[in-house]
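Note that the chains are named A, B, C and D in the order they appear, and that numbering of residues resets to 1 at the start of each chain.
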Amino acid sequence: MPEVVVPIGPYHPALKEPVNFRVIADGEVIVRLELDIAYNHRGIEKAAESRDFIRVVPLLERICGICSHSHTTNFVKGIEEAMGLTVPRRGQYLRVVVAELERMHSHLLWLGVAAHEIGFNTLFMWTWRDREAVQDILEEISGNRVNYAINEVGGVRRDLRPSAIPGILKRLDVLEKRTERYLELLRHEPTTAIRFQGVGRLSRAQALEYGTVGPTARASGIDYDIRKDDPYVLYEEMPFAVVTNGHGDVYGRTLVRIGELRESIRIIRHALENLPQGAVRATPPRVAPRAEILSRYEAPRGELSHFIRTNNTDRVERLDVRTPTLANWTSVAVSLVGQHLADIPVVVAAIDPCLSCTSRITVVDEGLARTSVLTWDELRAHGIRFYREKEGL
Amino acid sequence: MKRGRALTGFLGEVARNLRSKPATILYPYEKVPVPEGFRGRIAILDEKCIGCSKCAIVCPTECIEMVPGERAVEVKGGRKILRKRKPEVHLFACIRCGLCEQYCPTDPKAIYLTTEPSGASTDKGIIVR
Amino acid sequence: MTEPAAPVTPARVVEAMADFGLVTTPRRNRVRIVVSRDRIRDGLLRVQGQLACDHVVHIAAVDNGSTFELHYSLTGPHRLIVTLAVAVPRDDARVVSVHDLLPPAGIYERQIHDLFGIVFEGHPNLKRLILTEDWPEGEYPLRKDWKMDPNRSYGGAVTEAK
Amino acid sequence: MTEVWLLVLYAMVFPGVLFLVIYALFLQYVDRKIAARTQNRVGPPLVQPFADVVKLLSKEDITPEGVDRRGMRAIPLLAFAAVATAFLYVPVIGTSPFAFEGDLVVVLYLLTLPTILLFVLGWVTRNIFAAVGGTRTVTQLFIYEVPFFLALLGPAIAAGSWSISEIMAWQGANLILAILQPIGFVVALIGLQAKLERTPFDIPEAETELVAGPWTELTGRKLAVMRLTMDMALVAGSGLIAALFLGGPATPWVLEPAWLGGLVGFGVFVLKTLGILLILALVRAGMGRVRIDQLNDFGWKYLATAAILQILIVLLMVGEVWA
């Protein structure tokens, strides 16, 4: 069979967000692939420069729906560092609780997506059912199921009611049992084993060379976790181990994520049982002095880094967001070559790509006089014309 | 051996699920329970509002608009003033972050989030007064 | 990721990189070195070779008005962050690409090129990454002086003012 | 049942096309309900499959540019006709009046036709996903078809007949073949699962890779007919396996009057097909999709070997008992 170009995306059932792969395949085997992620650009970095510290936090929360707490925590801790502000311990502990709950719901979501990519819909439904429990806890703590709106510069916006803690701990027990069940299932279920093992393999050297982060790196045996390496918000007080293994394939990444579910449960238990008393937030000054901060955070998908520059005003001069997905993309392109066409969804899913994070930056033209509401027909006509020109039809 | 146990565990769960109640609900007919402190639809308590515009300033989506609404109101300390404006919220631009409630100076809050879900509508321009 | 003979400490970084330019330690595990544009590859090679930095954390770009500033942040098994700050003049926004030294830098450089218009010389595939494909050429939205031109199309169908 | 109008009634209404369509929709409902309940969901209401068909029938019918309109429209209808015809030879109440020596072979070939037509469909619709899916369809056909045929050959050898009704009658006189030929039974079930392109064998239409495989360009009426065809193939296939391995609708004792016997036979048919569907549905719920190369390994290494082994055992047994 000659080489065929299989376009995957921007709209494709395997992708939950718009991205375009042009996969050049020889029969069923991938020869090469080209990547385009320019479908979701929202101009957030530019918009962040024009908002004060109160109003920018909800905006950053919307960089990504899954790791919303990661972006806000990373940002506010950067700003707090610039201001030299000390956040009360109780506030820090609550940040950790929400962060770990977020990690749990992200990993459970990922597990479901990975199962769905290989057509194992029962596992997909089960994990998402259990994820509901995590979101119920988050709803109880913050009032929202996603985009928790709990961070602000200086601390957290809501205190946790002491009466809610026993209920949360009980739910964690159930989740712990479920985690063990998934681990057992993934180790022994025959179809998941043959679809995950040996697929999308990255050796330790490759993982280092291509700059992978998060579970992708840890599954290749790299002990890289910002929570340990550059502790923030009192992670140095939390009992947890960095989960790594040497498989290097999708199976290894799955094991890492399930292991992290366990560790997250441990952290949340510890944090809730040892929750310090006192205030949950400090009053921040209105402006931040001139400073340059590289703020790093271990998001569910890996190391997230924000480069923040403040300049004696109540807004940032520059915010540069480097998301874990962008760091991991290069490794995907590498690990897909030579794999089967059927493995694209699962290998791509294995880094847990978050495209809304990665290509976050179209410009919202607020100042423009004309409205940008398009009718369906206009949009359709434009699309047809554009692609005619592009493809030279 | 371990594999066998894992698979019987799996089949056991399948069998249990066949018997047990579904985890999903038939949404519009059954309501989703919400916990205490749920952030729902925004509401305005007009008689308490002193027209300070703080909510409109902190709102990240700028969905709160201050419109003319002259009225005599009591501020802290029992003093009476004449307020000039009152807030109006574009409901479907509101992201229910609760910053307006947090920064509202009155007691009880003149602008606050209820625990009632916002729901959906075909009318994008619903305004909460 | 093998530890070099001497443990990498901020002091050691200062010692190793002193000949490049101003070295500051803004925080316990952050070291910032100002490097001139021509020596960025040497700087990275030095950091990789002598300081065992094998992971690029972030390549950040800032618009300072007359210059752009690129911050190459690297780390290694010592978990110390070494940042090389390079100033690039605005009217000659070119810098040599480091995609061969740091493979992940390729995609970051594409992103910066797209948003700031800095040209990375020697980059094999400096194509559009972030902006939509019908975004006009020569417009770089993250530059501070960038203003939207109401008479231009920035993607999507053009509608008349209502 | 020799009168012509009775035959027409049989072919068109019961247990012919009309019944087949209704029962196919019912089985689809059961299948979806089982899947939903294993996944802890509520699942569809009883009329949902019917509503789906009605909805699809009312949708816009698109033929891609440059595709032969008539040819593409003919494909789902041909597949539909093939499965409907195959079903006429599957015993539902007592034996089929169309039965003849060799109808087993006819049924097998008619059931293969939809798969071949899917490949053709993938090829003519000028869509890359459909083309890749079509290629996978045929590849998969080559893998499962041989073990599936071999597995169904077992009953024929044991009974010494190529007629489904004869094989059924033989089981009435002896034991049901699922007990006599358990390996063949299992291979046949796996083969049926693969033939119907259900997980773990839904490789040609793997949603997350190929959108819908050969089905990608099917819309409206064509999609409705094609989906109905696959559901009907499920009825025909499970009915066939019920007849060949589980004794079909035959009852071990003769019931009087004849209509009561027919009714009980029909009940037995429904029970057996539902039983087979339950197994197939649980397998679908409990597994992920395998890759085509992995299926190739599995099919030729294990499935074909098992089927051949079963045939050898059958030949030995037949030789011993009837020599």
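One rule holds for everything that comes next: a contact is a pair of C-beta atoms (placed from the backbone, for glycine too) under 8 Å apart; a residue touches a chain by one contact, two chains touch by 3 or more.
Note that the coordinates shown come from a computational prediction; the quantities given were computed from them, not determined experimentally.
Looking at chain B and chain D, the chains in contact with each of them are A.
Of the two chain pairs considered here, A-C and A-B, the higher C-beta contact count falls to A-C. Taking each chain's centre as the average of its CA atoms, chain A and chain B sit 25 Å apart.
Centre-to-centre separation of chain B and chain C, using mean CA positions: 42 Å. Our note on geometry: chain C versus chain D, Cα centroid distance of 61 Å, whole angstroms. Across the assembly, chain A contributes 122, 126, 129, 189 as residues in contact with two or more other chains. Residues of chain B in contact with at least two other chains: 10, 14, 23. Residue numbers of chain D whose C-beta contacts span two or more other chains: 38-41, 285-286.
Every pair of chains in contact is given here: A-B, A-C, A-D, B-D.
By the touch criterion stated above, chain B contacts chain A in their complex at residues 2-3, 5-7, 9-10, 13-14, 23, 34-39, 58-61, 95-99, 102, 113. Partner chain D is touched in their complex by these residues of chain B: 10-11, 14, 17-18, 20, 22-26. Only residues 34, 36-43, 282, 285-286 of chain D touch chain B when the two sit together in their complex. Considering their complex, residues 36-39, 41, 43, 45-46, 81, 208-211, 222, 224, 229-230, 291-292, 294, 296, 303, 305, 307, 309, 317-318, 320, 322, 326-327, 329-330, 359, 361-363, 365, 367-374, 378-379, 381-382, 386, 390 of chain A touch chain C.
Residues of chain C that touch chain A in their complex: 1, 26-27, 29-30, 32, 54-63, 71, 73, 75, 79, 81, 83, 102-104, 106-108, 111, 115, 128-134, 141-142, 148, 150, 154-157, 159-162.
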